[in-house]
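The same subunit A turns up in both complexes below, where it pairs with subunit B and then with subunit C.
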Partner chain A sequence: MSWCGRPGKGVLPDAAQSRFAGTMIRVRFFTILRLLVKRADVILDRRGISVRDLLDDAQRAVPVPFLHKVLDDEGKMKRGTLILVNGRHVQHLDGLDTIIEDGDEVSLFPPGGGG
Partner chain B sequence: MKVTDAGVLRVNLSKGTFVEESVGEDMYKMYLGGRGMAAKLLSDEIDPAIDALSPDNKLIFANGLLSGTSAPTGGRYMVITKSPLTGTIASSNSGGIFGAVMRRTGYLMIVIEGRSPKPVYISINDNTVEIKDAVHLWGLGTAAATDKILQEFGEKRASVSCIGPAGEKLSKIACIINDKHRAAGRSGVGAVMGSKNLKAIVVKGSNPIESEEKDQFSAYAKEKTKMLKENAVTGEGLPALGTKVLDSIINQSGLYPTRNFQFATFEDTEEVSGEALVAKGYLKSNKACFGCPIACGRYTVLPGGREGEGPEYESGWAFGADCGVNDLIAITEANFICNDLGLDTISTGTTIAAAMEMYEKGYIKKEDLQNGPEMKFGSSEAVVYYTRMTGMREGFGDLLAEGSYRLGEHFGHPELSMSVKKQELPAYDPRGVQGHGLSYATSNRGGCHVRGYLISPEILGSPEKLDPQELTGKPQWVKTFQDLTAVIDSAGLCLFSSFALGLQDYTDLINGATGFSMTAEEVLTIGERIWNLERDFNLKAGISPVTDSLPERFLEPIPDGPQKGAVSHVQQLLPEYYSLRGWNKDGTIPKGKLKQLGLENAKVVLVRKTG
Partner chain C sequence: MMAEEREYFSRCTPVWGPERTQKVREAAVAVAGTGGLGCTVAEILVRSGIGRIVLIDKGRVDIPDLNRQILYSMDDVGKIKVEAAAGKLREISTFTEVVPVVREIDVSGDVAVLLRDMKCAVVVDCLDNFPGRFALEAGVPEGVSLVHGGVERDYGQITTVVRGKTPTLTELYSDTASSAPGVSVTPPVVVTAGGIMAQEVLNVLWGTPSLQGRLLIVEFSDFSFFYIPLQ
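So, the complex of A and B:
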């Protein structure tokens, strides 16, 4: 796994704190996902978790099913789905295996386009 | 009437005469129609170096090959002329129903020549053509002019394309508006129409268009329509949120130009996004152009009752983040003003943003504003006020109406114009998307996002996700997208169809409609031919390849957001791009390349049909 080059990061948290303290991660819903789940975000108390697991946890925290808008039947990202970690597409990190750290912001977009 | 039977109506406004001409099948095979075929006529018939606002310029309303057929999204037409803003060839695309209705008159293209001694409009009812007095319409906004002309025309299912006061007053950022809300927006095509004293064209046609391979074409049209409906972008995202689906995507990606491109994220995006337009209750419905299963248009009603179409992503951004404005009502109001006065929303908003930066830096003084409100970022009052003044060319608006580059020159700071070839850039910071930056720099009509929309692969992941900062391979992607876009435009289809359809799909539709048996490769070569034809026009017009560049600002690092630190590498990408195009190292086109593409041929002379 590689966390290098991820933009928007501040000073890394103290290792001990990171290990034992709870970590708040904000998962933000955009475009038609927001219309679907009728909320802008969900805050999860997690640490060292993959995007894949974070999505499952976010789904459990939201009553309306939304994962089918971003993942296919095999659990892979649908073509055109955007999952951004601090503004960087996970495809240019470690995909759904990208590990989310303290204070990260995860933005979810189903396939979208315009111009 | 077969798809390839349509003719050309040539109207000379100086003489008050018109003739009908026919188009040979070879022209369709070489250029398809629309953007490509009109570029060929313009190149053959005018000296590219002329003054764009002189009577020698020609203004061509051009349908694409499939405009008005049952091909999905076949409701697009284009306006081709020499641009007064850029000095390049202009080809501005619009939807609504005008193109499809015009096609039913039997005319693929209407070529306007000369200059009328007084304001007129052209009335076309099938092949009954009249040049009518428009003195009583001069000065009217596009909505009132459209209503009045339709009333005079007296028949249902007619459509009007016209200019507002901005075009009449020769604003270099004036557009042409059809069906009240749809714009052939960019490059100042409205000023060319105004320079000819032509207020409007009204059309009504009753000739059905038949495809050559009727059953096969029908099957293709149904198949491609199904693909568009089932695609997540064209079947769900665009119908629900329109192009404003992009505000949050582009802002979260760190590419959302803010305060005249000084920053790349906007702190108040949540207030002005497509989601906000829904949440605030302003969006009433979506709206489709002719023959479109996507229906991405917005129909909006503001508190107080003002209503109309828009704002689109680009328009909302130009008056919003680019001016630092977080007031969605003011943004939408400015959009409505542009539609009525006939202004390009992108260039208007971006020109006001440039003026705001010059004002805040002290280059524009308070007295320059001629009693207008302060030009400060974030001022919704300024955005609405100066948009109206620009359209009317009153007060400080007289300078704004020249566009941001000339405004900057006037105050000694053209470097604060965020433009390429003097046309204002749209809503993506090129430092964060290297391929898209190359597309900006090399666009044949200057700053523009719809000549090669690299945002699609670099950000949106369609047809595949590319790393926006990767340089390797980007020149080839840009070339392919530019050539394919020229095909889509010349076919008369909407560029948004390309989120779901590919080259083979377009080839199917073209062959089905015409009975041609072109390969996908041959169709893409048509796009390459059109690209080179436009470039050749620009070179002959005196547009130096040195202008294949971006404003200096983009060599400085992005100061904020996810792309913080990024700079543009356009100059690094250009040599490979020129090489892939088969051009000389200095960006000129060798004769051998023109010959290879069949562009060394003699001028096409259309055959006169009637007198």
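So, the complex of A and C:
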């Protein structure tokens, strides 16, 4: 069993991820997206980048494309996947134009709808 | 507490102590939706000695429900869910008042009146669709916590919402959350998420919520549990 705080399997080795944690941008994948990309997260050396561009870069860093699950053909957010920036829905920020800075975390999360 | 009642709760009370046990015994909780999560939450709360439980659902038991909706069996197929659930819960314990309410939760505002009249200290969102969740949230009285859970496939998420203190479900999910009827879901994640929700209800009753302002994601594909702090 693994809990929060564990090193993820990102583009950097685990030791490097720990060393850089908080100074780079982490993109976390949850649930069916994690199964798809076969990664819990990626850590990217970026700053001052939009969510849209960050997602493009994240897709290049994982072995399986995932953007088709998150964005539609026009590049707009699809229903069914939340994009949280530091725990806040990007719709309440500047949407896909929200600028991501050092140490920010972006979570891609398709919530469970059933009860 | 009478002797039989003391004996019934004799395995919990040493852990919780008499004061927290008494808080549970005196509390009223509403469970919205008596599907997979609702059955688990309701059964655990009744076995924990909750004073009153209000079950709200409009559905009838169907065969696909039986893989995870633990209060129902084959004999219940076709019965009104809240009535079947209430019957089972009354067999489990006579120390809880069980109130079944056959009602759809929608934007009519009926649920707000019901929750206020029942003096529920906590409302539990065990619904299976987002429009219903948003309508429920709108009806939760000021200052009352809403423990939310959702499941799909082999994952789920749980958080506790308090208006004015945490993001609301409407803010968290906005219009991006989709709801397809009859979602695929496995029994272990339903019972696990429901168990966590029941514990969180107790935490709220004791004044020590664990998931207020953070989202717990339970994922059985890689057996991970992860918190996302919410803003």
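Operating definition for what follows: the second predicted complex is superposed on the first by the 88 of 115 C-alpha atoms of A that agree within 3 Å, B and C clash if a C-alpha of one lies under 4 Å from a C-alpha of the other, contacts with A are read in each partner's own complex, and residues count from 1 in each chain.
In this section, contacts are C-beta pairs under 8 Å (C-beta built on N, C-alpha and C of every residue); 3 or more make two chains touch, one makes a residue touch a chain.
Model, not experiment: these values are computed from the prediction.
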| item | value |
| --- | --- |
| Touched partner set for A:Ile32, first subunit B, second subunit C, both or neither | both |
| Partner chain(s) touched by A:Gly48 [first = subunit B, second = subunit C, both, neither] | neither |
| Which superposed partner A:His89 touches (first subunit B, second subunit C, both, neither) | both |
| First (subunit B), second (subunit C), both or neither touched by A:Ser107 | both |
| First, second, both or neither for A:Thr81, with subunit B first and subunit C second | both |
| Shared contact residues on subunit A - subunit B and subunit C | 28, 30-32, 34-35, 40, 78-82, 84, 86-89, 91-92, 107, 109-115 |
| Subunit B - residues contacting subunit A, complex | 231-234, 236-238, 240-246, 248-249, 252-254, 270, 274-275, 278, 296, 312-314, 449-450, 453, 455-456, 459-465, 467, 495-496, 499, 561-564 |
| Subunit B contact footprint on subunit A (complex, rising order) | 7-8, 28, 30-32, 34-35, 40, 69, 78-82, 84, 86-89, 91-92, 107, 109-115 |
| For the subunit A and subunit C complex, residues of the former touching the latter | 1-4, 6, 28, 30-32, 34-35, 40, 77-82, 84, 86-89, 91-92, 107, 109-115 |
| Complex interface listing, subunit C residues touching subunit A | 33, 35-38, 125-130, 149-153, 155-157, 167, 171-180, 183, 185, 214-215, 217, 219, 221-231 |
